[in-house]
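Shared between the two complexes below is chain A, which has chain B as its partner in the first and chain C in the second.
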Partner chain A sequence: MPSRRRVAITGLGLVTPLGNSVEETWRALLEGRSAIAPISGFDPSGFPVRIAAEVKNFSYAPPPPYRKLLKYAARHVRFALAAATQAIEDCGQSPRPDNATRWGCVAGSGMMANNFDDLVRFQRCFAANGRLATRLLFDPAAGMPDPIAYARNQPNAGVALMAQRFGIRGYTGAVHTACASGGQAIGRGLRLIRRGSADMVLAGGFDSMVNPIGLAAFSLLGALSDCNDTPSRASRPFDRTRNGFVLGEGAGFMVLEEWESARQRGARIYAELAGDGNSLSSYRITDSHPSGDGPIQAMREALRDANAQPDEVGYINAHGTSTIMNDRSECAAVNAVFGLHARRVQVSSTKSLMGHLIAGAGAVEAVICALAIHHSTLPFSANLEHPDPQCDLNFVRDRPVQCRLGLAMSNSFGFGGSNNSLVFRNPEDVRQ
Partner chain B sequence: MNEPIVITATEAICASGTSVAQIHRELLAGHTAFTPLSQWDSSAWPVPLAGGVPNIDGAGLFDDRRLLKSIQRLRRTDLLGLYAAARAVANSGIPACSAALDESARIQFNERTAVYTGCGGVGYYYQYDFLPALAAADGDLRRFADKLGATVNPTWLLQSLPNNVLCYLGIAFGFKGANTCITNHGTGGAQAIVEAYYALRAGEADRALAAGHDCPIEPEIILNLYRLGLLTTDAIRPFDAASSGLIVGEGAAAMVLETRSAAAARGARVRGEVLGAGFSTEAAGVLSTGASGDGMAAAIELALGEAGVAPAEIALIVAHGNGTAASDRSEAAAIRRVFGRDMPVVTSFKWAFGDTIAAAGAIDAALALECLHAETVPGIATLRQPDPGCAELNLSASPTRLRGNLALVLSRGFGVMNCALVIKAPRDGHS
Partner chain C sequence: MPVAISQEDIESVFPQVARIVAEALARDPSEIRPTSRLFADLEAESIDLLDIVFRLEREFDIQIPRGRIIEDARGDLPEAEFEHNGVLTAAGLERLRQYMTEVPPENFRPQMNLADVPSLFTVETMCKMVLRAKRAGA
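Now for the complex of A and B:
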């Protein structure tokens, strides 16, 4: 039987609340600088939650031939284009006419339809009293809706624009499984290369729900921390005083590449993307079972897929949202999967500093796992002073840890019950 | 050698009917299923028709009353997806098989059952729930925030998740395997099948439910498609010289795919087989829907290559053919380039029930299999005079007898994403 194709991670890109590049984000994580602050992008004063982790000082300017793309790119898509540009530059390769069909692009993308400004314009023109006056939609006097806004708000606009910007002509896909989207997209990328659908894949996730609709939607659910007066301490995954998550925004992308061709061209390989595991919790729309059922299967499948044993894993970048239910269910799952090794494997949640990037989270955290392997350094969980007794894992607290990793794991679990785990392997440990 | 991936059940719903067999019959009879837009006041609208599905409320789909209550709060697109998927599962005999297993075997069975969906993402109209608060606020976000509690359902976000069909299929049937939800416009439904097929080939699961569902009959979508010049006020006439655009329809379809050994182990009847898939993008921007045909030709060649099938072996092509001239011509050019003199019967089903966008690939695949079994393919009943650029396709306005058991199903979406799927109908119940 022919051996399975391996997948190398050769390019990384990040736009996060902690910084608009991989270097800035990584440095802020290691320094423990929180990106969570009062919301500045709009007036949040009427909302019960007034804090978030916003991307700051961001601008994206494509080279001149691609300037016209900008009008089709909403804020979160610009994050994606910027992070993807970094990843492609970092890997030193970009699609050429002779290999463009061998490049794919898969991205976890957010669930907002109209972005907020477009929705407000729409309301003013066609729903002055709060009810849509459908008769007006075709009335030129009411001011026709803008077809460019329609394009901007397509669910696959991000993927379509990345394909256009970089000239990708192979398999493309937008995936959405709520907070598991980014992790699942990177897992799809792994599988595209393994099955031969592509040799190089731009894979990642992007989102921004830091807008009045996103804040309203999560506030109404009661899922967010309302520690408005202590924003830098609001996200405290696994701490017994935690009271919800903090919204973040941004994008993470990586270039995945067939291992042998990456080796032959002498590419820098951050890590092997070794395993992808997905499961459905099939329990409730918002939670996994307290036993960890659901996440357990995703972690086991990712390890099996990587041909790895649980005790080889040195670090888990937890989903760790800082909600009571998620953190307990995830810890129960880690205990079930890792057994005695659950006392030893080091765990942290980087959401403690950058909040929850929703459809982007899994992708950003996958990039962080690749960096942890590459730099032999584990980022820590901030604000973890008194761990919940039901969250009894070996947490990286207070400061980063220097530690050579064999395997790292990233977990992402979404509303709707989709779970994703990814396993990353130190490239030095890859034996052909 | 890869293990064959077989199809053991299908179901579909659209304006033409509530089962694959009924839709097939309606198309054979040459019936179009469009009705006047009635969900809102459209008296001033230049677009009078759409392919709506009457009376879908999810009743009768599941025994569990609490589950039924939750799904009746969902969006229409999700109800359509759950309808097709739940009926496909029932048709497959999986619930009886799983019920006969002891507990540990059943857990294993469910963990080895994957679910893939393709859908339109979040509808614009979901956000209309916020219009009353926005109107009251008149630009003041403090007032907007104050009004939310009284005007927006606190579970708005949960009702709006694009992955709700995944979620509720898991809860309804206990499936816990690999999964994803693809929100890739017109290719999403086909990609759900493609991802299920590859997941089974890679050993990620033993069986998979794949569903595409969409509900593009909403004011903003119709308005924007009209302004982009994509909608017709006449009829959908795919590949016709007088083609003038598409009509939107809503619908869903689902398939149960299994490895051949998993299907054999539970004694399931094999209805079909997925032989190969191909995908390409033309990198031409968000709203582009078909330029040269190079992308579609590449997708077709990839799918035929993976299936190990020569063009001459294909009996039927179900084209994307949505009645928009640029897309139809470039698709015809792609088909001509690959098939040349070996042209099979070419048809498209959208003339009857509309372009169901993210559901289209799944509906077309389910109907293509039905055509192979019935050895009869509906014609394009609205076809009068083929467009000169499409003339070499083997088109017909009336039903055609099929010889052969292989079909190629083509899908297309915004961003000029092209997807091709080769499926086979075993003649004797074995593949």
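Now for the complex of A and C:
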């Protein structure tokens, strides 16, 4: 039987609250700089939570033939286009007419597809007094939101615009499984290459819920930290004093490539994307199962998929949101999957510095795992002074750790019970 | 029936129309000429035409009823003699040619689909649309 196609990660791109490139984000992570600050994108006065991790000093200007794409691109889609551009440039290849159908694009997105400003305009124009005034819909005097608003608010706007921008003509898909979206999108990319549906896949995730509806939604759920006076300390996954997560925004993309062709062209391979595991907890909408049920199956499946044993994993980039429920459930799951090795495997949550990027989180953290392998450096969990006794793992605290990694794992768990784990392998360890 | 539109009339609105077309299509304003065809020359998509019309309505505070060009061009010709199953008749094509004087005559192809009429639109067509809507609303 022919051996299974392997998948190389050959291009990376990031737009995060910590920086608008891979280098800036990575440097800020290692220096432990927090991106969490008072919200500046809108006036959060009156909200119980007034802090977030916003992308800063961001602009995206496509080359002139593609300028019109901006018309359809909301802010979070621009994050995606910018991060995807970095990933494509980094891999040194881009789709050509003769191979465009062998390129795919999968993106996790859409926890909130509707652009807040468009919703506000719609409401102001057609339902100012709370009742829908249909007769105003086509009355220009009412200040109709432009017809493009519809296109701008489609959950698949991101993949559609990326496919246009880069000339990708193969498999495309938009994945939405709440906070597991980014990880599941990358996992989909792995499967596409393995089964021969594509040779190269632009895969990642993007999101922004840093807007009044997103902030209101998570505030009402009581899921956010309200440490408004100490924003850089607000996100403290696994610490016994943690009191919720911090909203972030941004995008992470990677170029996945069939291993042998990447090798033959001499591509820089950051890591092998070796395993993908998904599960659905089938438990509750927003609660994690205290036993870790759900995440356990995702992690085991990812390891099985990578033909790996738990004790080969050197680092876990935890979902680690900084909510009591997630952190305890995730630690229970790690203990269940890793057994005695749970005492040794090093764990950190980079959400401590950049907040929670929602549908983009899994993708950004997958990029971080690839970087951790590439640089033999583990980013640390900030603000972890007093670990919760129920979170008894070997955390990377206070400073990064230099450490050659064989395997790394990234976890992403979402509302609704969707779970994803990805396993990455050091390219030096790949034996065909 | 068509109202006479002079060259001066066209020139009076062209700068604003050109700016709006340039914005909607993310093009440099210097690329926009009265004779530029929206689809073939300026690479508009169908949704861009809607966008341009909405922007013109806002800019000039006018209403441009959708499909007005076709209705005005048909004039008193009965619909059955203007088009058949979505294809313009010879008489229909002639009416359209008389109405859209800004479009080079050779662009009106026999057996043309009604749905393809927007492919004839030039920037000057949009100027005339604005002028007619202004007069209708005045």
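Assume the second predicted complex is superposed on the first by the 423 of 432 C-alpha atoms of A that agree within 3 Å, B and C clash if a C-alpha of one lies under 4 Å from a C-alpha of the other, contacts with A are read in each partner's own complex, and residues count from 1 in each chain.
What we mean here is this: a contact is a pair of C-beta atoms (placed from the backbone, for glycine too) under 8 Å apart; a residue touches a chain by one contact, two chains touch by 3 or more.
Everything quoted here is computed from the prediction, not taken from an experiment.
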Chain B versus chain C as contact partner of A:Val159, first or second or both or neither: first
Touching partner for A:Arg131 - first (chain B), second (chain C), both, neither: first
First (chain B), second (chain C), both or neither touched by A:Ala151: both
Touched partner set for A:Arg67, first chain B, second chain C, both or neither: second
Partner chain(s) touched by A:Ala52 [first = chain B, second = chain C, both, neither]: neither
Greater chain A contact set [chain C / chain B]: B
Overlap of chain C and chain B interfaces on chain A (superposed complexes): 139, 144, 147, 151
Complex contact set, residues of chain C against chain A: 24-27, 47-48, 50-51, 54-55, 57-58, 61-63
Contacting residues of chain A [partner chain B, same complex]: 42-47, 69, 72, 100-101, 105, 109, 111-114, 119-120, 122-123, 127-132, 134-135, 137-139, 144-145, 147, 150-157, 159-161, 163-164, 166-178, 184, 188, 191, 194-195, 197, 212-213, 216-222, 278-286, 294, 297, 301, 414-418
Chain B - residues contacting chain A, complex: 40-46, 110-111, 115, 120-124, 126-128, 130-136, 139, 141-146, 148-149, 151-158, 160-164, 166-167, 170-171, 173-185, 191, 195, 198-199, 201-202, 204, 219-220, 223-224, 227-228, 279-287, 295, 298, 413-415, 417
Touch list for chain A against partner chain C, complex: 67-68, 70-71, 139-141, 143-144, 146-148, 151
